[in-house]
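Some structures are shown below for you to check.
In the two assemblies presented below, chain A is common to both, partnered first by chain B and then by chain C.
Moving on to the complex of A and B:
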């Protein structure tokens, strides 16, 4: 069973089904569902970026929301200047990535709590900064844009068109992220996480690996910021709040550490659970969110992504009494 | 990718397919408008019930005031329902259902909530608290012709362009409106007065300062200096030195920043400048500003208000306030039932406005509701101060802006009393 699920063909079929679903759902779904799907994609891409640092390298980063905000504000700037959309997108990634690189260069030498503290400072510094440059950021009330409407030939509503663009970017970044962590570099990151001495004995420079991982992480966050502005059409300094970073970390662990697919589950959790909590009791969303988080972590400590593996372990245990049959299959 | 991640992909695909199944089976086409003839009822209203939604912060730093706004409106609605409902302008009697949605003061969640309300067939979004979250939902209201009304924010942006945003209107007096009232009060004194302004450099600060300037136009009152600081600045010592040097008669705080106000008051005293002081309503509280800023050093402290403060000793024996407190205790969630704040009062008043609009609403449609709301003028608002009137007929301001009352702080009673 396990081997069957793991076979390459099944995976590609599943991927194809997913892509087809992404293609069809926006046409049928109501704007509310499309909007939530867009927010899931935004969260998933930022969690995937965060995974490079916090999942693969095992270094806690509490600043991801600041980079999402930088990406979103960069997009606001591009929209204000009337740039072409593709340029705005590149600018969002570049702005966030550049700042990520500049932060990483000195701080990647820090380990453990030191690095976590520096990353914690990012959202704390970013919010007053955004309040300060009011002419461009709109201050505490934020900036709204009226941007990227569905072209007439597409015969789509705005929410459908925007979701397609967001899904396209998300798929591209997930493929990028998958290749990134599966290649030489992903192995290097995990080696650095497991034992930096062994890593350096194998010619992997831990410092360089961390700088690259953090920069990649902020580029992904920048893309997520672009997608965020596209979906919400509004950004406030609150977007960068430290609390959002904490929720992203929580969703990362729930989805599955050091897992590309887990990041997508994390995105679903990040968006869907507050909605579910709100349906149960709108005045207790945080409490219910916390309870669900604890229950999920208790049942599947390795994240949602580990559910099939756990299930197949259980199934194998149930089958164990008849060893002869096992031999036949 | 390890084995567990590989195995997870089919799980993901299954989720996606399930979602597809859940979304229904008819494709949407752009411009596909389900609204039929004018007499056809809008979603969210039947012959016996009307369903309302409110997106407001129920978690996070603004959870307390957001919950108060919801509980205040809920109290008024429960009272109406217990009395059998409201007889609408079309002759039918309906009960009202209100559902709260938590946005945590997050613009993205507020947008999601309003779309959820539309999807769940609510008739309108009403009474939510906050500026950024409500500004973010304005375009959604426009696109869906969905009423998004009587919002608890003083931001001019929610009400000042109703030609472009016909489905949104605020409730609280706009920042410009409240300081204009103070400006008019100063002008009415009929003598030369100099004013020095300390303004935070953002939309709100500009609105407070502009309102004052509008109010004093053509009078003997003059603004002698205006110093700005960046929102979020920790101190304003240099600005205060410049302002104190003017020896102006009135020190006008065009900021709601609670770390700056007491500090600037103390700095003025330190510099030997003891003018009359104006505080905007969002920051006029005794415990917030006057006590920490040693307000008793100043000859007078002014602010503006439009409703009775349920916690003020002035209104301890007021029948209306007592009735409100009893109802709030009965209907509000137990955690806050004993301690209504201003936001609960505003929510309660919003209920009275809705009742009046429903009574004037000739057809069960969203457009008819907006028309009815905009026809209201001079209706009686519970817990309003004497002299305050409601006027929703304007298209560039919020309904409560028409009259706000200028008040002076009374140090003996420890509360504000009306002066203008």
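Moving on to the complex of A and C:
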């Protein structure tokens, strides 16, 4: 994709087209489609966050779903207290980010599988905790809210209004994420991933890079949790399930490692494939999802984001006869 | 006191099941460098095969379990040959996605073949209890622990007393050099996966009588096994087994004696304990420290 979108202008045109589409589609789409689009935005933002840790810094994280759940529960709390929406949003990000930071401070010392284990423990521990504190979380049945209706002047249905808000947050976070990874810090993360010794020789502290990446990742997940509650209007402990974290990692790799655009593709994959699998045979969703996952990984090991580059290589090969043929003529 | 002994032995039995699956994870990790999230699902598949082999109780359950172990070897070797070797699993993220996909595929196949219903699975051991001092211990717990100990000893003998074991260790240590001295690395990797799947199958037939048989039966066990494998250091088979036992016993004791934890949160205890251990020893209990060459 980088080659394909080499010039900044193509990038911005693609971005503008996307924004216009986001502006128009919700008005004409049926509520079901709007709902799926909202879920794609939620998944894309959590995958982008996950990418900081697992893509850019190359550290397997298996707990992203826990932070999405924390963000959603924080939003529920805000709604129950009757806070203004902006405050609820900030609280979702802050709650998830704070817990992320507290987890990261000791954990970032571990590398490799120790880190993976601690992140794995988060959803495993968070679900029984959420079940336990019923007064706050509503236990296993979860909490539902009736929140953020479309104002009368907009003449929009609730699902349209909510999708616009979700899309706005998603765009803001994607711009934020893009600036983050393109700036000094994104480069530092990749340096730490490629060689921590070189990184430290260049004055980049691997520990601090990991703490920051993980905290950023949980802030993004918290925002995704807020968006999730807005789209779905309820949250249960199951939102945090360990399997969701695994699926997020799967979608991340399918979309494209260490790529902002790839995170968007990953979000589409995360939401669309279960829908497609359900269309084929609703009782065999797991089997079909697994099959699609492995076939796509086999065809494009570097993710959907690498397809344009592969195509352009193919096209160039077709246009130019191979050296041997030229030798004959 | 009686309750304490009972809890320790029950925890030891559960820990043995975790140890078995953890050992499977370590074997795969050593041979192909990946964490196999599908290891539990593969164990579920072979447990269904055992149920099929028992033919409604006509065949004694230990024989059926043996069929599951054999089937496990075939399944493991086949998945390595048919799927895993076609991907660059030395990359951690690719490996993760491959094993997640396998996990879903195998779970999906079980669901398609046998449905997502909960089934009874006969225990390998008589449903009796033995008095040990002041405690009353179930034969099932003692048998589970004994079987796993025997298997671990057999495996240790295989790895350190046979030529096959020597070549398996050589491939785990250094695949390139093994290839250069003429070993059939591809086949040895298949054997490594097969042996791992045998251990997974063992965990499956041992846990099924306790939690009933259904496609997601092993998901919870997998979390414990992952924890045990990482606590043990991921490269150390003995470490994984000891860590499995520690987790089983700590969990059983904490669930009863620490009031606030109870049965739902007891899974948190070993995880937090591991966290503390890893902060002191990032390489795990018996793992080797990774040394970087500058």
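Operating definition for what follows: the second predicted complex is superposed on the first by the 316 of 329 C-alpha atoms of A that agree within 3 Å, B and C clash if a C-alpha of one lies under 4 Å from a C-alpha of the other, contacts with A are read in each partner's own complex, and residues count from 1 in each chain.
As a working rule, a contact is a pair of C-beta atoms (placed from the backbone, for glycine too) under 8 Å apart; a residue touches a chain by one contact, two chains touch by 3 or more.
Everything numeric here is computed off the predicted structure, so don't read it as measured data.
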{"item": "Which of chain B and chain C A:132 touches, first, second, both or neither", "value": "both"}
{"item": "Chain B versus chain C as contact partner of A:142, first or second or both or neither", "value": "first"}
{"item": "Per-residue touch tally on chain A - higher for chain B or for chain C", "value": "B"}
{"item": "Touching partner for A:286 - first (chain B), second (chain C), both, neither", "value": "both"}
{"item": "Which superposed partner A:110 touches (first chain B, second chain C, both, neither)", "value": "second"}
{"item": "First (chain B), second (chain C), both or neither touched by A:120", "value": "second"}
{"item": "First (chain B), second (chain C), both or neither touched by A:308", "value": "first"}
{"item": "Touched partner set for A:250, first chain B, second chain C, both or neither", "value": "second"}
{"item": "Chain C-contacting residues of chain A that also contact chain B", "value": "128, 131-132, 243, 283, 285-286"}
{"item": "Residues of chain C that touch chain A when the two form their complex", "value": "35, 37, 83, 86-88, 92-94, 96-98, 100-109, 111-112, 219, 223, 226-227, 230-231, 234, 264-265, 267-268, 271-272, 274-275, 278-279, 282, 284, 290, 292, 294"}
{"item": "Residue ranges of chain A touching chain C (in the complex, touch as defined)", "value": "54-55, 58, 60, 106-107, 109-114, 116-118, 120-121, 124-125, 128-129, 131-132, 196-197, 242-243, 246-247, 249-250, 252-254, 257, 283-291, 293-294, 297-298, 301"}
{"item": "Chain B - residues contacting chain A, complex", "value": "1-13, 15-17, 19-20, 23-30, 58-60, 67, 70, 99-102, 104-109, 111-113, 115-116, 118-119, 131-132, 135-136, 138-139, 143, 155, 157, 201-204, 230-232, 333"}
{"item": "Chain B-touching residues of chain A, taken from the complex the two chains share", "value": "2, 5-6, 10-11, 13-15, 17-18, 21-22, 24-25, 27-33, 35-36, 39, 127-128, 131-132, 134, 138-142, 144, 146, 150, 154-158, 160, 178, 181-182, 228, 231-236, 238-239, 243, 256, 259-262, 264-265, 268, 274-275, 278, 282-283, 285-286, 302, 304-309, 312"}
